[in-house]
Each structure stands twice: as structure tokens, then as C-alpha cells.
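In the part that follows, the structures are each spelled out as C-alpha cells.
What follows is chain A paired twice: with chain B in the first complex and chain C in the second.
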Partner chain A sequence: MSRPVSITLQNSQDGIAIANAILADNPEAQRKSFPAMTKIDCPGRLSILADSVSERLGREWDPQEIHMSVISLSGSVDEDDGSFTLFWR
Partner chain B sequence: MVARKLSLKQKYGHFTRGLDWEPSYQKQEDIFPFATYEGIKIHDWNAWEDPFKLTMDAYWKFQAEKERKLYAVIDSMAQNNGQLGITDARYLNAVKIFIQGVTPLEYQAHRHFAHLARHLPGAGLRVAAQMQSIDELRHCQTQIHTISHYNKFFDGIHDFTHMHDRLWYLSVPKSFFDDATSAGPFEFLTAISFAFEYVLTNLLFVPFMSGAAYNGDMATVTFGFSAQSDESRHMTLGLEAVRFLLEQDEANVPIVQGWIDKWFWRGYRLLSLVGMMMDYMLPKKVMSWSEAWETYYEEAGGALFADLARYGIREPKYADVAKAEKGHVSHQVWSIFYNYAQAAAVHTWDVDDQHLDWLREKYPETFAQHYEPRYRAWREQAEAGKRFYNDGLPQLCQVCQIPMAFTEVDDPGTISFRVSEHQGEKYHTCSDGCRDIFEHEPEKYVQAWLPVHQIFQGNCGGATLPEVLDWYHINQGADNFDYAGSPEEEQWNAWMEGRRPAAFPAAAAE
Partner chain C sequence: MNIDIQAEAITPRRHTFSHIARRFGVDKPASRYEEATYDVQPVANFHYRPTWAPEFELYDVARTRIVMADWYVFRDPRQFYYATYNISRAAMQQSFDDAVNFVEKRGLVAGVAPAWREAVAAYLLPLRHLEWAANMNCQLIADWGYGTQITSAAAFCGADRLGLAQVISRIGLVLGEGGDDHLVAAKTLWVDGAAWQPLRRLAEDMLVLRDWFEVYVAQLVVLDGLVYPLLCESFDAAGVAHNGAPISMMTGFLADWFADNSRWTDAVMKAAAGESDANRTVLNGWLRQWGERAHEALLPVARQVLGEEGDAAVAQARRQLSARLEKLGLTLGEEVPA
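Showing the complex of A and B:
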């Protein structure tokens, strides 16, 4: 079984859109809801696709904006112009 | 031809490595005098790559936006009597411990990451440490600004920096950080960035901030999540830094493992305070300490240490003890505070029936058997007008500085107690974990400033409790003792009474 990666997001407008994009783009991702925050776990790997978040927000979303919405994460990070990925090597 | 925009990774390269240079007229070891004495071997500093490709220009942009959001909330709190939105005044005691115990650590972290930003030989790591230093200063400032609103209405917040340096329970977080900042740069990085930020900090911030949200504390949620967004970057720095040390030289592995073992245990003992805040101080509860431990240490830490196994790193020593104790620690720490509420700048209270039900449900194997009878006995005493306050001063652990009230891992009826000798003197620790830390560096820990010893030596204002409390700057009769009967309770009840509509006159109802 691949080890889970995880991200916790604020329940803000942007955070909710990011969470919805993750769930749509990563079929194995699972959502846990808490007061004010959402934790998403996914075995092995999880990607946030900028296009998918932009579509949900109705504006251009830059992956670096993740800094505005993230609360915590578990896993190694890879960041580029079009996506933000968590993974275990 | 139009100039092409640099990709994120290219831009990051230019703004970190591109701005570094090779020294020519000074020796490397003179410029970075702390880089080698811990025995860590680095062969190629350029192999370090920050996974977050954050450059200074983008950093300022995002941090400024975080600040604008936070200060809008602070204004709103002040303008709209935000203090009335919390579930109950007892909740505020968690915030008091936070500002007394955690906020000064943010400032310490600010100072020491500035030191690392100067003294680490790699440019990439220096840039990350510089950003983190500024982050930590921001956390300290925003916490003070936010909580200052509560200081207008509640007790125990008024002189937190003074208290941090003197109060018995605040020597626990203070000495933790003093231990880290008096270590070398790589131990500090492993201690704070990895063991604390990556492995354990989620237990402090995440359930606690979610708890703040659930209890109507808009202020704490906002500074908490604002800080936590930086924390994700710090955690990643911690993980990548440890991975970098392990990849650079095999000889680094046992050194790093030793630091992981030490700082896991130091951090775990420190977080027992958070366990108490979560299980006892939140009127509306999000999750128990035990559940948080399972989610944020056992699950997340399990995945982490499985990943690091390739380098020969194993789970921290005594992680099994921490796991076995998870049904006990929060109750034992609450009991310490209940015993000594006369000498604390927070309140305690009788654990009511509804709360007892919750604790029984969350701790089916430990609570009803070991702790509920104790609380019921205390309640009977209090109802008979004989509320129990402990008049003796407790023995403190030489390492974690927590009063020696933890029990043996396989016997919750026996206090866990270890004795070590150093140069003919006896030193006491609370556990195998703290004993090992002491015995590895006794020269360091014999210097510990233990609040109880200091009182007995006459260094804390006098020989009587009121004199010591004056020296602490505790406003006696307001900051200390039980919540029941406190000025805070009286004021809160008056506010809540004022919210209810006056009883309708009979004529108006007809």
C-alpha cells in the first residue's frame, strides 16, 4: 500500500475551490471536514492543477497562491508553473 | 523579439544561487565558524534545492496579503466586541497559555533563524532561513496584536513576556527553546524545523486552531491559520534539510538519528501542555489529544519514517512510550494545574458531568478507571468548602522541567522517576526519554534554571507564596485560582445576562 500524503486547507473561498479541484483530479483523494478546515488524504501522490482551480474560481490561479490557503501538509513538495504536487519518493 | 518569462524554477535559481559568490580573500571556515563542529559533513551545498520555489519578491507579495487579511479581522474584532463571540470565558485560558508559552518562542525562533541565515554555508538554505526568520517575527507580532484585544477584558495576559521568564509552567516551553538555540546550527535545524515543525507542530496548531474556530475565537483562528500557512513552508524546509544531511554523508546518519530521538521526546513532553488545552480547556471540543496523536503522529509520522528508512533512519526512540501514554498525559497535566492553580496565571475548574461523559467516551480504557474518581473526590471537597490546593512545591524533571507527575508507562499507579548521578550530585528526570537526554549531555542540563529550586534558593521574590506571585507579576485573586469565583466569571456572567431579553411583563404577553 502506498503511504498517504495529506494537505489541510482553510475553508476560505480559495481553499474550498482548491479542495474541490483536488477531489476531482485525484480519484483516490478523501476529504475529512473539521471546523474551519478541510483535510485531504491520498495514497502515494496528490496534485493540484492550476487550470482546474482557475476554472472553479473563475480567474487565473497561480500555484504559488497555495501559500494563502494551506494550513498543513504531509509529503515531499514539487512546485512548478502549472501544478503543485505532494508525493513520497 | 519579446523577452520570454522565466519559469518558476529558473527564477528561483537566479534569486538564490545566482546571488551567491565564492569568497576569495577570506577562508570559508572563518566566514562560517559554526558549520563543522557538530561533525556534520556536507560535500555539495549546491545539491540543496528548496521544494518551494519562493523568491523574495513573491514572498513579500504573499506575506503582505496575509497581513491585510489578518488586520481586517483584528479591526473587525475590536469594532464588534469580538470577545463576546467565544463560547465561554473558560475557553480563554487556552489562549492565555498560548500567549504566555508559545508567542515568546516565536520571537526566539525569529532570532535563531536570523543566525542560521547568516551562518549556514549554503545559499539556498540561507534564503529559506531568512524568510523563516521574518515569518517568525510576524507570528510573534500578529499574536500579540490579536490577543491584545482579549487583554482589555480578561486576566492573565497583561505581562506575558515577564511571566515567560519566571513562571514554573512556562519554564517548560522556555527551556525547550533555550536548549535548541544553544545547540549548533544543524541540531537546531533538526530540532526545530524537522522534529518540531514537521513531526509535531500539527498537533499544536491544527486541532487547536480548529478548536478556536469551533469556540468562536475568530482572532486566534485568523492569526493561527495565517501563521500556519508559513508553517507548511517551514515543515517542508525541515523535511528537505534532514533529507539533505542524510544524503550528503553516511556519517551524518547516526548524528541526525540522535537528534531526532532527543527532539522528538523533548517536543512530545512540551506538547503534553497542548494535550491538556485540547481535552480540558475547549468548551466545544474538536478532537481528543489521543485522536490528534493518532492522526498527526501515528499516521503522518508513520508515513514519514517509512520514507526515511531508506537512509537508515528509524522511528524516534520512545515513540512507542508516547503511543502507550496517549490515554494518560492530558489528564495528568490537567491534574498538575488543578493542584497548583493558586500559583498559575490561568484558571482551572471542576470538570462537569457533560465533560466527564466526553472524556469517558474518548478514553474508554483509562479515564473512568484512573481519573474520574480523582475528579469526583476533588468536586466533593470543593463543594464542602475545602477545595484542594497543593501547598508543597513539586519536584521538577531536570530536562523537560514538568512537575514529576507522569506515571510509569505500564503502571498508571506509580510515578515515573529516574535518578542519574553527575560529579557526585543526583539529578532527577521523569522518564527514560528525559533521562537519556540528561545523560548524553549532563554538562548542559545541570545548568537548568528550575523554578522550584530557584524558589528554595531564595531567588524568586521571597519565601511565601504571595511574594513569589508578586515576583511573577501575577495579579493575585484575578489571574490565579479557580474560574469559579473569579472576577472573570463574574464579568462573563454579567455580559451573558445582559444578552437575554428582560422578562416580558405579563400584560405585554396578552
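Showing the complex of A and C:
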């Protein structure tokens, strides 16, 4: 089993939408709910797709906006216009 | 002494309001949009009928021929409630202001061919009166419509239309180098100009419609669906030959707004048509009727701007609208011979 990557998000409107998008797009992702925040673990690799989040928010969502919702993350980051990916090398 | 700090998780007993929980389930946190729109309007136990229309309840499904089992299927893909609407519109206003300030500061309008400047003033500025009519129509939908989901979105759209009228007025001020001559002249054109009378008559006929969904179709789907492509594509393209780029910088905003609003109108039309064949028949009837009238009303305006190519431009806008509606399972009807 590969090491888990993880991301912790605030339970804000954006954060909830991002968490839901992650869970829909990464079948192995696990949600852990805490007061005011949500931690998501996923073995090896986790992708946040901009289209998927945009659809849930009803507006264009830029992966750079993730920093407004992130509390913590672990893993290397690969970011482009369409996605934000966490992984271990 | 040892202080042990721990986070104690308190599970909320309820994640949302009861009326939202009944619809989506108790253990699911609802989004603000859902809480602000679903099942907010009262549906029963009305005390008094409106004195001005005693045949109806205060909120009454019978105010339109469209029949829905559930009036909360008109989900706005933009998910507008107060905050999201204002954030989105503030950004739009900012982009328009930036464009106009850029044009104004550099005096770019002076580089546009004078004849085209006059032409733009004559085709664009009277439309601010049409936007005002659109505002009234949206407010009627907000007033007589059924279900908060469509009425709140219509009220937002109404506010948009006042904003658009202001945007057009601002362009008029830039064209007049700060003076209001062009705006005054445009009002005269709207009231007296021969080319504008069919469109003004159409707008005034819409203002006295009583079926709010018909108003929705006539104004937001048909008329907007023809006016905006005509304005933002055909008229705009004609300006290229006259160095019209500075004008396009200012009017480009209108195309952005129309694309945004169309996401909502498409979703509403798709949901209404998908409900039943009876709805589809009613919608197609309205589309045909108002499609023909709007087509005819826009011809003189298009001819004035584009000359002989005016008819083709209106037909092109009509084909675009027709293709859009076909994707939603609706038909605009046969093309009318000009």
C-alpha cells in the first residue's frame, strides 16, 4: 500500500464543494469530519479537478483558489490550470 | 500542572433547516444556495386573495399555463443567492469599468470612424429602454411566478437589466465625450424613429402579458436570444471596417452577460420542457409566436445598421437561437420569409 497523501479543508461553501469533488473523482479517498474542517486521505495520489469543483460551485473555479480553503496538506504538489494534484514521488 | 488541550467534536443534531432536510435528507449539509431557494415560498393556508385578482391565491400555480409537479426543478446552474450574485456582479462591473476607463483615458473613441460612432449611438443607445422593459418583465416573473427558485433568479435578472441599461448609458456618455446629447437623441429614436417602432411595440405588448412563463419565454429566451447575438456578433463585426475596436471593448461585456444569463434560461427551459409534452407544446407555441414577432421587429433595426445584410444577420441570430433550443428539446419554428 502506498503512503497516503492528505488534504484538510475548511468547512466553508468552497471547502465543502472541493471535498465533494475530491470524493467523487478519487474513488479511494476517505473523508474524516472534524469540527469546522474535513480531512481527506487517499493512498498514493489525489487529484482535484477544476471542472468538477466549478460544476459544484456553479462558477469558474481556479485551482489557485484552493489556498483560500486549505488548512493543511501533505504530499508533493502538481498544479496546472485544470487540476491540483497531491502525490508522493 | 499539565494542561491537556483536546478538540471535542460535537456532532450537530441537525445539519440544515427542516424544509431542506425533507428534500435532501437529514444528514447532508446543504449549500447556501439550496437553503436560500428551495421551498421558501408559502404554498398553503393563504388567508386573503389579492383584491386586484380575486380569482387567484397570493401564490398560485394557475397564473401560468405551464404545469409542474414540483416547481423546484429550475435549479440555477450559477447557484445565485444574495452573496454569490453580488460577488459575480461586482466582478462583472469591475471588468466593464476597467474596459471603459481604458478607452476613456486614452481617448480611443476619437479614432473610430465618425460615421460608425453615430451608427453605434443609433443602434446601441435606444436599447437601454428595451433593457428597462426587460427589467419590468423580470420583476413581473418575480412577482407572479411560483417557487422561490425561479422568482429569486428572475429578481436578480431584473437587477441585471437595470445594470445593463446603466452600462449602455455609460457607453453613450463616452460616445458623447461626457455630454448626454446621444442619450437624449436615442430616446427620441426609441419613441419616434420609424425603425424602432416595431421593437417598441413588441416590448410594450410584452409588458401587458399576464402569463408569467410566457413573459419568460418571450423576453428572456426569444428577444434576448435574438438581440444579443445580433448586437454582439453581427453589429460588432460590421464595426471592424470602421476601426470599431474601442467600441467592442466596451460592448464586449454584454456578450459575457448574455452567455452567463443563458446558462440559467437554458436550464429553466430544459426543465419545463422535460416535464411533459403538454408543457413542450405550450412552450413551442410561445416560441413560434414570439420568435416571429421578434424576428420582424428586429429587421428594420438590422437593416439600418447593416444595410442589405441586415436580413441575413437576423436570420443568422435566429438560427443560433433555434440550435440552442433544439438542444433543450424545443423548436423555434420555421424561418419566416422576410
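Note that in this section the second predicted complex is superposed on the first by the 89 of 89 C-alpha atoms of A that agree within 3 Å, B and C clash if a C-alpha of one lies under 4 Å from a C-alpha of the other, contacts with A are read in each partner's own complex, and residues count from 1 in each chain.
The rule is simple: a contact is a pair of C-beta atoms (placed from the backbone, for glycine too) under 8 Å apart; a residue touches a chain by one contact, two chains touch by 3 or more.
Since this is a predicted model, take the numbers as computed values, not measurements.
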Superposed model, chain A: greater residue contact from chain B or chain C:
B
With the two complexes superposed on chain A, say which partner A:4 touches: chain B (first), chain C (second), both, or neither.
first
So in the superposed three-chain picture, is A:16 touching just chain B, just chain C, both, or none of them (first/second/both/neither)?
second
Just to be sure I read the superposition right, which of the two partners does A:68 touch: chain B = first, chain C = second, or both, or neither?
first
Counting only touches as set out at the top, which of chain B and chain C does A:34 meet: first, second, both, neither?
both
Go through the superposed model and pick first if A:79 touches only chain B, second if only chain C, both, or neither.
first
Just which bits of chain A does chain B share with chain C as contact spots?
34-35
Chain A-touching residues of chain C, taken from the complex the two chains share
7-10, 29, 31-33, 76-80, 84, 88
Residue set of chain B touching chain A in the complex reads 7-9, 51-54, 58, 62, 65-66, 202, 205-206, 209-211, 213-214, 221, 225, 228-233, 235-236, 239-240, 286-287, 299-300, 302-304, 306-307
Contacting residues of chain A [partner chain C, same complex]
11, 13, 16-17, 33-35, 57-59
Chain A residues touching chain B - in the complex, by the definition given at the top
3-6, 8, 10, 34-37, 64-65, 67-81, 88-89
